[in-house]
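In C-alpha cells below, several structures.
Both complexes shown next keep subunit A, but they swap its partner, so subunit B is in the first and subunit C is in the second.
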Partner chain A sequence: MRFLGLLRANSWVLVLAAFLLIVPFLFPSLAFINIVSEILIMALFAVSLNLLIGYTGFVSFGHAAFFAVGSYTVGIMLQRLSASLPLAIPLALLCGMILSGIVALVIGYFCTRLTAIYFAFLTLAFSQIIYALIIKWESFTGGDQGLVGGIPRPPINLFGLSIDMTSPFSLYVLIVVAVCVSFLIIKIIIDSPFGWIIRAIRDNSERMNFLGINVRRYTIIVIVISGIFTGLAGGLIALHVSGSYPDHAFWTKSAEPIFMIMVGGMKVFAGPILGAIIVTELSAHLSSYIGLWGLIFGAFLVVFLMISRQGILDVLALKTGLIKKLKL
Partner chain B sequence: MAILEIENLTKKFGHVAALSNVTLSIRDGEITSLIGPNGAGKTTIYNVVTGKFPPTSGRIIFKGEDITGLPSFTVWRKGISRSFQITNVFKTLTVLENIRTALIVHLGKSLQFFKPIDHYDDLYEKTLHILKLIGLEDKKDLPCQEISHGDMRIVEVGIALASEPELIFLDEPTAGMNPEETRRMVDLIKELFETTGTTFFITEHDMNVVFSVSNRIIVLNYGEILADGTPEEIHQNEDVKRAYLGGVEK
Partner chain C sequence: MDIASLLNCLADPGCMAGQIISGIIIAMVLFLVASGLSLILGVLGLLNFAHGSLYMIGAYFTYTVMASIGNFGVALILAPIGVGICGVILERFFIKRVYGLDALYQLLMTYAFILIFDDVVKFIWGIFDLSIRMPSLFRRPPVTAIGTIVPFYYLFLIVVGVLLVVAIWLFLSKTKYGKIINAAASDPEMLMCLGINVPFVYTIVFGLGSLLAGVGGALACPLRAITPGMGFAVIIESFVIVVIGGMGSILGTFVVALMFGLMRSFGILGFPFFELAFIYVFMAVVLIVRPAGLFGKVRI
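The block that comes next holds the complex of A and B.
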C-alpha cells in the first residue's frame, strides 16, 4: 500500500516509462532505441552523481570509477560464467551495483577526511587508480583493448518463462525498466528525511555538526548510494555497447555527467535527465558532421553558463511553479 | 544546582592564550550572561564547550558527565544546543525547512530513507509549534535568504531551540539588529525561558539586553573571570566599572 502511495506521488516516472516502452513499438527504429538507451544510461549516471553534487554539495571528479566497476563486473561475469546461470544478467547487474557500492565506501571513507576542493581532487586520484588497474591487469580486464569479443546476453529464465535477451528490443526494455526504477528509488530517497538532511548539509555543513549530525558519515552514505546507481549505469552500458573499455574509467567519463548536470540543472531532480538528453543528443548528431565538436560544445557551455549561471531547469524552477507542481 | 561546570579551562592558539584557567558554572533553570570586551574569549568558551575544537587543558562537566573534547554532534546529543554570532542558517531552505531540519535529527528520523517527509505528522506539528513560539509562522514558506536580518537571527535561535535542549548557548543573539528587532529578541528570550524552562547561557554586547534578561552575569576579561554575580551586584562592582562598564553609566 505504502509503495503504491509512493508511486502515485511520483507518477511522472510511470508516465516516462510507459512512453519509452510504447514508442519503439509504434515506430520501430533501431537508431531510436540506441540513442534513447544511451541517454537513459547517462541520465542515470548524472542523476546518481547529482545526489552528491546538487543535493549534498560535494563535487566528485572521479565517478567514472564506479561506472567502470559496474561495467567491468557485468562484462567479466557474463563473459566467463553466463551459460551456467539462469538469471545471469540480473545477477551480474546486481553484483556490479554491490561491488561499486563497496568501492564507493572505501573511496568515500578516505575522500571525506578532506574538505571541498581536496575532496574533489582525491576522488579524481582514486578514479585514476581504477583506470591504471584496468590497463595493467590485462589477463583479467583485457588491458587497453578492453573486454572485446562481445558480451553474451543469455536468456532470463523467470517463473518457467525464458525471455530472449539477444534482441535489441528486449535489452531496451531492460534498460528502460532498470533506469526508471532507479529514478523512482533515488527520488524517494531525496524526498525522505534523509534527503532533507543532506540538503541542509549542502547549505551549511558546519551547522549540521552542531545539530547532532556526523556530516562525514552522512556524506559517505550519499557516496555509497550514488556509487551503487552509477555502478548500475556502468553495468547497463556494458550490455548496451557489448563491451567494457578502459574509457569507462577515464577521467573524461567523470566529466560527462558533470556537463549534463551543469546544462540541465542541479537543484531539480529532472535537471540531469534533461542535461543528458541535450548533451547526448547534440554529441550524437553534431560530432559526425563537425570535426571540432568538442570546441563548439565547450564554447556553447561557456556562453550558456555565463548567461544563465544555472542549469535550464534551475532557471525554470525559479521562474515558474510548474516544476514544483509536477513534483519533478 | 550546576548543570554545566567548566574547570580550569585553557585554550591556546599558538602562543596566544584565548582562555586561561577559566572556572565557572552555570546553574540549572537560570539565564546566565557572559559579558566582556571584544576578544575577551566569550566565543572561544562556546566553541570549546560545544566541541568545535578541544581545550588545551581543563575539564567540562555537563550534568555530572565529562564531555571535554567530544565532537560537536555528540555534545548536541547530550543536550547542549547553540546559536551563532554570525548567522548560520540554511539559506536556500525555507524558514519551515530550517526548523524542520533540526527536528528531523531530534526525533531520530535522519536515517529514514523511504517515507516522504510530508508524511510525518509529528514532525510537522512540532515544526509548527516552534514556528508559533518564535513568531515566524506567517513567513514559514520563504527561503531564508529572502527574509530580513532580524528574522534570520530569530530562525537561528529557533533552530537551536527546536531540539528541546537542556542548555542553550546564544552567541550575540541581537548582533546587527535594530532597536525594534532587539526588543523582539529580548521578548522572545524571556518568553522562551518561561515556557520551555531551558537553561540559557548568553553572550551579548548590548548591556540593556544583558541587564534585562539575566538572572546572573559573568564578566570575562582577557581570558579570565573578572566578576560573577546578580545584575545588581555586577552593576555595583568597582572592578567591572573600571575595566568594562566605565563608559556606559546609566
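The block that comes next holds the complex of A and C.
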C-alpha cells in the first residue's frame, strides 16, 4: 500500500515513461529514439550528480569516474561473457552499478575528509586516476581507442520469453524503463527523512553535527547512491553508443552534467532533466546544422550566467512559491 | 613494471642525463602555464579552466607571427602580449562577474570560454594540426654533454624558464607592485581602504597570468603540434601542479612542475603502467594529508 502511495505521489514519472514508450510506436523515427535515449541517459547522470550538488551541497568535479566505471564494466562484460547467458544485459548493468557503488565508497571515504573546493579537487584527482588507468590498461580497456568493435546485445531470456535486444526499439524501451525507475527511486529517497537530513546538511552541516547526525557518514552514503545511478547511466551509454571510450572518464565529462544542473535548476528534482534536454538538444541540433556548436553553446552559457545565476526551474519555483504565499 | 630498465638508466649517466633533460623540458612549459594559473587562483580566488585555452591561443598567435614575419624572437614577444590583452578583455567583461561566487559558477563561466575559444581557433586557423619549423637561430648542431645529446632549443628553453622563475619571484616579493598583488590576495578590503584600485589590480593579475600562459604556448610551438583542444590536457596537468604546490605559491609551482616532469620522464621507464596515474595519486595524497599544498600557506 505504501508503495502505491509513493507511486501516486510521483505519478509524473509514470506519465513520462508512458509518454516516452507510446510516442515512438505511433511515430517510428530512429532520430527521435536516439536523441531521447541520449537525453534520458544524461538526465540520469545529472539527476544523480544533483543528489550530491543540489541536495547535499558538495560539488564533485569527478563524477565521470563512476560514469566510466559503469560504461566499461558493461562494455567489457558484454564483450567477454558468453552470449548464451539468459540475462547478460541486466547482469552487466547490475555489475556496473555495484562496481560504481564500490568505487564511490572508496572515493567518498577519502573525499569527505575535505570540504568545499578541496573536496572538488580531490574528486577530480580520483577521476583522473581512473582515466589514467583506462588509458594505460590497454589489454583490458583498449587504451585510448576505447572498447571498439561494438558491444553485443544478447537477447534477454525471461520466463521462457526471449526479447531480442538488437533492435534499436528494444534498447530504447530498456533505457526508458531503467531511467524512469531510477528517477522514481531517487525521488523517493529525496522525499524520505534521509532526503531531509541531507538537505539540512547542505544548509547547516555544523548544526546537524550538534544534533548528533554523523555528517560524514551521510555524505558518503549520498556519494555511493549517486555513484550507483551514475554507473547505471554509464552502462546505458555504453549500450547506446555501442562502445566505451576514455572520454567517459575525462574531466570534461564531469563538467557536462554540472552545466545541465545549473541551467535547469538544482533545487527542483526535474531541474537537471530540463537542463539535460536543453544542453543535449542544443548540441545535437546545433552541431548538425552548423559546425560552430562550441561557440554558440559557450555564448549561451555566458549569456545565461549574465542574466540569471539560477537555473530555470529554480526561478519558476521561487516565483510560484511567492504566488502561493500571497494566496495564503 | 620495468624496474630493470629504470635501474639500467640510473646506472648510465648518459641515459640519466637524457631523462633529466626531457623531464625538465616537460616541466618548463607546464610551469609557465601553471604559474599563471597559480597567480590567478592565489590572488583572485578564481578557478580559471580557460587557462589552457589561453595557452593554445599563445601557440596560434606564435604560428601567425612566424608565418607573416618569420622571426621567432618577435613572435615570442608579440604572442604573449596578444594573449595578455585577450586575458584583460576576458576579465573586464566576463570573468570579473564570477569573483567570490561558488566554484560552480566559475567553472561554468570559464568552461564556456574553452568552448568559445576552441571554436574561434577552428574558425580562424582551421581544424588541422599546424606546426612551425624550428627557428633558424636554433638550427645548429646539438650540444653533447655527459654522454647525451641535447638539442640547442632545449637549452634555450631551460634558460628562459629559469630566468622567468627568478623574474616572477623577484617581481612578487621585492617590488612595490608585487607587494600590492600579495596584499590583494590576503586582504583586498584593507587594500581598497588604502586607496588602491583593487579591481584594476585584479585585471592586471589576470592579464599577467594570461601572458604567462601565452609565453608557455609560444615556447611550446617548436616542440609540439598546434591543434584546437591542445589546452585540455595542459589545463588539467597545470591544475594538478598548482594544487600540489599550493595555490599562489610560485616556488611551489616551480618545484612541483620539475617533480612532475621528472616523474613523467623516469616513470615512463620504470613504471610505464602507472606513469600517468602516479601524479594524480600523488595529488590525492597531498590533498588528504595537507590540503593547502606542499608550499601553500594554511588558510583558515
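In this section, the second predicted complex is superposed on the first by the 315 of 328 C-alpha atoms of A that agree within 3 Å, B and C clash if a C-alpha of one lies under 4 Å from a C-alpha of the other, contacts with A are read in each partner's own complex, and residues count from 1 in each chain.
FYI, a residue touches a chain if its C-beta (ideal position, glycine included) is under 8 Å from a C-beta of that chain, and two chains touch if they have at least 3 such contacts.
No experiment lies behind these values; they were computed from the predicted model shown.
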With both structures lined up on subunit A, is it a clash or a fit for subunit B and subunit C? fit
Kindly classify A:Y118 by the partners it touches after superposition: subunit B alone (first), subunit C alone (second), both, or neither? second
One more residue to check, A:W12. First (subunit B), second (subunit C), both or neither? neither
Subunit A residues touched by each partner, larger count belonging to subunit B or subunit C: C
Is A:R207 contacted by the first partner subunit B, the second partner subunit C, both or neither? first
Who does A:W196 touch here: subunit B (first), subunit C (second), both, or neither? first
Determine, under the contact definition given at the top, whether A:I188 touches first (subunit B), second (subunit C), both, or neither. first
Working from the superposed arrangement, determine the closest approach of subunit B to subunit C, counting only CA atoms, in whole Å. 14
Where subunit B and subunit C land on the same part of subunit A: residues none
Going by the contact rule set out above, which residues of subunit B touch subunit A in the complex? 50, 71-73, 76-77, 81-82, 84, 88-93, 97, 100-102, 104-106, 109-117, 120, 123, 159, 163
Residues of subunit A that touch subunit B when the two form their complex: 2, 6, 9, 188-189, 191-197, 199-200, 202-204, 206-215, 218, 267
Going by the contact rule set out above, which residues of subunit A touch subunit C in the complex? 53, 59, 61, 110, 113-114, 117-118, 120-122, 124-126, 128-129, 132-133, 135-137, 250-252, 255, 258-259, 262, 291-295, 297-299, 301-302, 305-306, 309
Quick one: which bits of subunit C touch subunit A in the complex? Just the residue numbers, please. 47, 94, 97-98, 101-105, 107-109, 111-116, 118-120, 122-123, 232, 236, 239-240, 243, 272-277, 280-281, 283-284, 287-288, 291
